[in-house]
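Have a look at the structure below before the remarks.
Order of writing sets the chain letters: A, B, C and D. Residues in each chain are counted from 1.
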Amino acid sequence: MTSDMATKTPVTPRRSVVETGKRALWRGVRRWESALVVVLIGALIFGSSERPNFLSPMNFFYTGLNMGEIAIMALPLTLIIMTGEIDLSVASMLGLSGTVMGVLFSNGWPIWLAMAAALVVGALGGTLNGVLVAKVGLPSIAVTIGTLTLFRGIAVILLAPRTITGFPLSLTKIGVVPIQGTQLAYSTAIFLVMAVVAGVVLHATPLGRALVAIGLQPEAAQFAGIRVNRIKIWLYVVSGVVCAFAGILLTLKNSSVSYDAGTGLELNVVAIVLFGGVSIFGGRGTVIGVVLAVAIVGALQQALTQMNVQPEVQNIVIGVLLLISVVIPNSGEAIRRIRDRARRHASTPSPRNSPNA
Amino acid sequence: MSVITAPAPAPTDRPVSRLESLLRARELGIALAIIVVFGLTTLNNHAFAHAASIQQLLNGAALIALLGVGETLVIVTRNVDLSVGSVVGLSAYIIGDLFKHNHDMSVVLGFVIAIAVGAAIGAINGLVTTVARVPSLVVTLAMLYIVRGFDGVIVNGKTIDPDSIPTAFTAVGYRTLFGIPWLAIIVAVVVAAVGYAMRSFRSSRDLYAIGSNPDAAELAGIPAGRRVFTAFLISGALAGLAGALFLALHAQIDVSGGSGYELTVVAAVVVGGVAIFGGSGTVLGAALGAVLLNTINQALVASKVSSFWNGAIAGGLLLAAIAFDRWLSLRVARSLQSAEGAHRDL
Amino acid sequence: MTQSSAAPLLMVRDVSKSFGPVAAVQGVSLPLYAGEAHALLGENGAGKSTLVKILAGVHGADSGELLMDGEPVVFKGPAASRAAGISVIYQEPMLFADLSVAENIFMGRQPLGVGRRIDRAAMNREATEVFTRLGVQLDPERAARGLSVADQQIVEIAKALSFNARVLVMDEPTAALTTVEVGRLFEVIQTLRDQGAAVLFITHRLEEAFASCQRVTIMRDGRSIRTAPIEDVTIDDIIRSMVGRDLDTLFPKTATEPGEVVLDVEHLCRGGVFDDISFQVRRGEIVALAGLVGAGRSEVARAVFGIDRRTSGTVRVHGAELPNGKPLAAMNAGVALVPEDRRQQGLVMEMSIDQNVALASLGRLRRFGLIRRSSERELATTWAGRLQLKFSRMGNTVSTLSGGNQQKVVLGKWLARNPSLLIIDEPTRGIDVGTKAEVHRLLNGLVADGVAVLMISSELPEVLRMADRVLVLREGRITAEFTRAEADEDSVMRAATGQSPVVAA
Amino acid sequence: MHTVRTVRRKVTLALAVTLVCTVAACSSSSTTTTNPTAAATATTVKKGLTVYFIPKDTQNPYEVIADQGGQRALQELGGKVVISSGTADTAAAQIPSIQAAIQAHAAAIVIAGNDPSALCPSLNQAAQAGIKIVAFDSDIACASSPSHLFINQANTEKIGTSQIDLLAKEIGSKGEIAILSAAASATNQNAWIGYMKQQLKKYPNMKLVTTVYGNDDPATSLTVLQGLLSAYPNLRGIISPTTVGIATAAQYLSTHKSLLSHLTLTGLGLPSKMKSYVHDGTVKEFELWNPDNLGYLAGYAAAGLASGSASLQAGSKFDAGKLNSYTVLAPSGTTGPSVVLGPPLVFNASNVDKFKF
């Protein structure tokens, strides 16, 4: 009866009473991927102009290696953000899973069992997030800030002050050498496969359509028979498992783990997903966009490092890209609004002007 | 169609206002929690109740509490400011560097510059958010990177050493007035002032209106853009001030100063009962939230629990806090429904 | 009926406003005289709401002018319009859930005490005064969250009163109100007119225009078709000028022979909302749930469909019991629910037309787990055709459609599943006369084909003319049941408001 | 600060390393401690060498000083130093820098490994490209190749024991003491703490009550310090073997002088950060080696290896400019060939002002 007052969603331009301009935004979003392609090409040209063998396979291998875990964690987060929720606990889960795997391994568990256990922990953590968000109905940003602290805290209790090393070389090498006969890092390959899966699910299946509907209008989705809560819970479970998997990869890559592995990565992951054109309010975005974002950030970091540019500059670049990625699609509407206001202040009615300019 | 005139409904509000007063007493709840934690700790370690360690509690919480005030203003408008941590680092380093190079720069000027730096960044946050109407979470996340990166470029491995900071400045970090640390006094004054303003002035009520129902705010002719901008401006300025206090308290600053604060602050604010999606919450609550988190951290060490437990407990507490809020609002909703039924009774 | 003074208080002269290619309002003119209520009628998409937003200062007009007391005025924003003495009440109340009722009324102009600080005591006092003028009792310190829609309207009206507005614009204020509340609203309008205010009253219920207005303006396709004193027009010419053609009979309900029981609800109960609800719906009959808003009608529908969990009782469809709180199970049992709130519940406004139509049928459109876009498009086109949907491109978002066409998309979405039970909540709320008739004809067609229909409606005429049986809910209980023959406005209203010994069900 | 931080390596491994070099190190380095006269010219070293210095991260002040030492060394030798690393102390962030070194055809890499093993494969590649590898500050532990020289700042056992001795001297060898460490995952911290505990056996009346971790963040360090003080009112001494920790503690004590009556602070600190506290009597003595010399030595070693004037042969000597000559110690346990800069320096009011780091 008073649903409009009960439910609260973050304020967004398209919710404004002045409804025009939202389609401009929509088109902007869809055009975003093509913009990303241009940026990527630009980055590559830039890189190879600075460093002749920038496009060398080895370089590609290392880029993949550097981006691996972040890229993998970005995929489930993309789906979660599509539904209008968020998961800030990804990096903590990555650390926790590595910790669990390490602790069990050092206590003589077989490595495979230790890994399995790590994945289970991921599932449990994800379930906790999912239940608190979907069943109890708490704001996901607050919940996952809480579990961010909680998961990391548990890792500290389990492992600090120790650091576990000595994982079997046969496994640790997949973290550092390319797949036989290729220049593809294992993490890169895994990411690409998962990206394809995520892309198909999001863009071509009823589930994907459901995610979009949930992101745009949860209540309408529920009335269409979409099991909103169940889907959200499962998304968080998947996110937990995938992050746990990324934690295993990172542990193998470093062939050592300590409780603080991957601390602070959550914001990088979020940044990449948003830069990929996924709307923080849900319902809008593509997996390909996120993949492109990963590629761009990876390429730029590699290029800047090889040019021996201060690494801080990379942060600035990421930040600027992120800003651009939200400002551009909105600029049309902003300009229209400013013009409109200007016109009304100059109180002489002028001929029609398009709101979607 | 038939028009029947009936006596006006008289909503029975009793259960509501009772629960609402409970809601309003959120600050009270946190205060109690603090007292409980404090009491329990004191039981197994009497030293915890000494004046010194109480000063420590206040000092330790001061910075986060201060940042919490600004963050509250922003969150109440249904926005968020993730750049505060980076701002602390940058403003602290900038004035530290100034002190280093002209040692006799006045302390007041130092504070002014720090606040100005923060305000400038806050202004950028506010402008981009309001003019381009883009989600503040993204904008301030971007600013978190940009400011931290800029900080790194100018710091470039240098550090500010204690002896390059005038003692008159660091004094703010440890001097006390009637046993209360200046740091705590400054923050308390800010909390009191902003808290009072948030309750008593139209412009600050607008903030709640904007966060509560943006469309209605627009129709009510509230200058949402200007208000939100101001909220970011203040948040930035307070973060700048926090940077100055950071330097005064620690007498040293490097590139990592204040990194990671953003999430701690949001956590404290949420524990303090500020609704993450805007519309309700008080700066006092946010400040108390910060004190509670800090009290727990120190209580753990003081009661000889391994400090390894800090994280897990803080996280659990945050989850508990928001779950409690949810439970409370459900209770309100339910009691309203029954009130509703009664009201239809006529 | 007050006589209209020579010069209009507010004159809208030749105002136009367009959004991109869409000309929402073209050269509209209408006069608002002091002490007069002026009905603004027209189908959805006729441009009424745009005109309202221009008066409210939300939109600036592209051309044309507004004259107050003969003086041209330009509103730079809502504040300016309000300062000029215009206050607007929107269809959905626009309140600040977290703030107190009093603060909602005085937001932005709270009474100030010393040092420009808000004087809460004074604010609450003034709020109470306004409420007394309205003859209602609301605690001014209570938060707006949880107010009933009606009480929210009351607060909005109180806001308008507190402005001592000279021009009061009401955009479908009655859409969500019960007869009682509508009655009270009309009294308020009367009071305001007596105080010399001009009222612009927008509604889809023509009877209301005749009940409370002295002058009427009819809009169509963004133009003002005619303005006339109310006594010079009849319902028929109003409708004619609204839709631009003659309408065959408005509510063509053909009698049908009910078949076997489709929906069987027993002792359905949801704590604090409704209690011990039992009824049946058969093939080929329309059963209406009547009652005041808040009596629990929509809640019963939600519980039957499984959106809300029931605390006790059973729901059977074709004899098979539905699991609790599982809409999908209900859908698979052949139940469809066209919800009360189209924009929030019925449609995903930012999704394309075809995707909305297909949203409930995706299971059937799969091949190897993937959606077949072609068959999705096909499905949508089929139903768009059957329902005579007016749209430019299937790919457009439904938010670009008029209210009536949006309702058709919702219907298409559910009929595409060819349900055996259609629950339809407020089938024609806020949609124009033309589409209204189409919807009613559609419902007839369905029951003729043996579908069972459970209809919820606040519009008594609709209930009386469409329903084979009428169940009346009051305070979450069924207080009366009428056959088509027994049911008339008076008996239903009495049962709904509990002003008579309940007719045994 | 972070020398003293985050070497991801098994404690036992660290012990193994250092136990062995101890004996030799003391003999070899006793003669060659700071002797700031006569910058020797290295005739046998090639001109125009490019040496990549890859610190844990670019902002780490301690390593900035070390890198400057390296730069000075290469200046003397007519070569140049390129400093390259990431913003975070992770192996992942260092790998691109190694890549850059290979592509720039550097003569040698001097690296402070954020991870003992994760860097091996990429360093291996560098070695195959004919680049000489020198590790300093924190060693890398690669199973087989690449062979490299480790420049040990001082031997681990001495750092541990000497701090206990310092404190014992100041508090009359009795009373409760506590340790304020960096991150709980900092392996070299934990290695030193291990030796401190051993050494404490010599002082039956001194009791280590607890170890707290300030994560090298002033705020955290302050919080745990304050907790420490209220938890253990009878605390007599605090050892903080990390530059941030000791500076934070010193700042707090210097502003709460009353505590000094019964509380003594020592540890590892930078003279530049500590001198004000030494002069105002907050801290009597603390330790550190000369990071500038560490980098300088590493620079000479790298250049020597690259020109063949130095070798990994146990017992072989090489010229180290103003530091005279150093003898390479035999490989042992998991550590390859190494040299030890010398015993830690003890700073006090008499000499603290002499040092520029």
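For the reader, a short list of remarks on this structure follows.
By definition in this document, a residue touches a chain if its C-beta (ideal position, glycine included) is under 8 Å from a C-beta of that chain, and two chains touch if they have at least 3 such contacts.
Keep in mind the model is a prediction, meaning the values are calculated, not measured.
Listing every chain that touches subunit B and subunit D alike gives A. Among the remaining chains, the Cα-based centre furthest from that of subunit A is the centre of C.
With centres defined as mean CA coordinates, subunit D is found 75 Å away from subunit C.
If you average the CA atoms of subunit A and of subunit C, the two centres end up 41 Å from each other. Separating the CA-averaged centres of subunit A and subunit B is a span of 27 Å. Annotation for subunit D: residues 58-59, 87, 184, 213 touch two or more other chains. Across the assembly, subunit A contributes 5-6, 17-18, 156, 160, 264, 310-312, 314-315 as residues in contact with two or more other chains. Annotation for subunit B: residues touching 2 or more other chains are 152, 156, 213, 215, 218-219, 255, 275, 279, 308, 333. Looking at which chains touch one another, you get A-B, A-C, A-D, B-C, B-D.
For subunit B in complex with subunit C, the residues that touch the partner chain are 1-6, 8-11, 13, 16-17, 20, 199-202, 205-206, 208-209, 211-213, 215-222, 275, 279-280, 332-334, 336-341, 343-345.
Per the touch definition, subunit A reaches subunit D in the complex via residues 51, 53, 58-59, 62, 65-66, 156, 159-163, 165-166, 169, 172-173, 175-177, 253-256, 258-260, 264, 301-302, 305-306, 308, 310-312, 314-315.
Those residues of subunit A whose C-beta lies close enough to touch subunit C in the complex are 1-6, 14, 17-20, 22-23, 26, 200, 204-206, 209-210, 212-213, 216-217, 219-227, 283, 340-341, 343-345, 347, 349-356. Within the complex formed with subunit D, the subunit B residues making contact are 45, 47-48, 50, 52-53, 56, 59-60, 63, 152, 155-159, 161-163, 170, 173-174, 246, 249-257, 294, 297-304, 307-308. If you check the complex, the residues on subunit C that touch subunit A are 16, 18-21, 53, 58-65, 74-77, 92, 95, 97, 144-149, 152, 293-294, 298, 307, 327-328, 330-331, 337, 339, 341, 344-351, 355, 359-360, 362-363, 365-366, 369-371, 397, 399-400, 413.
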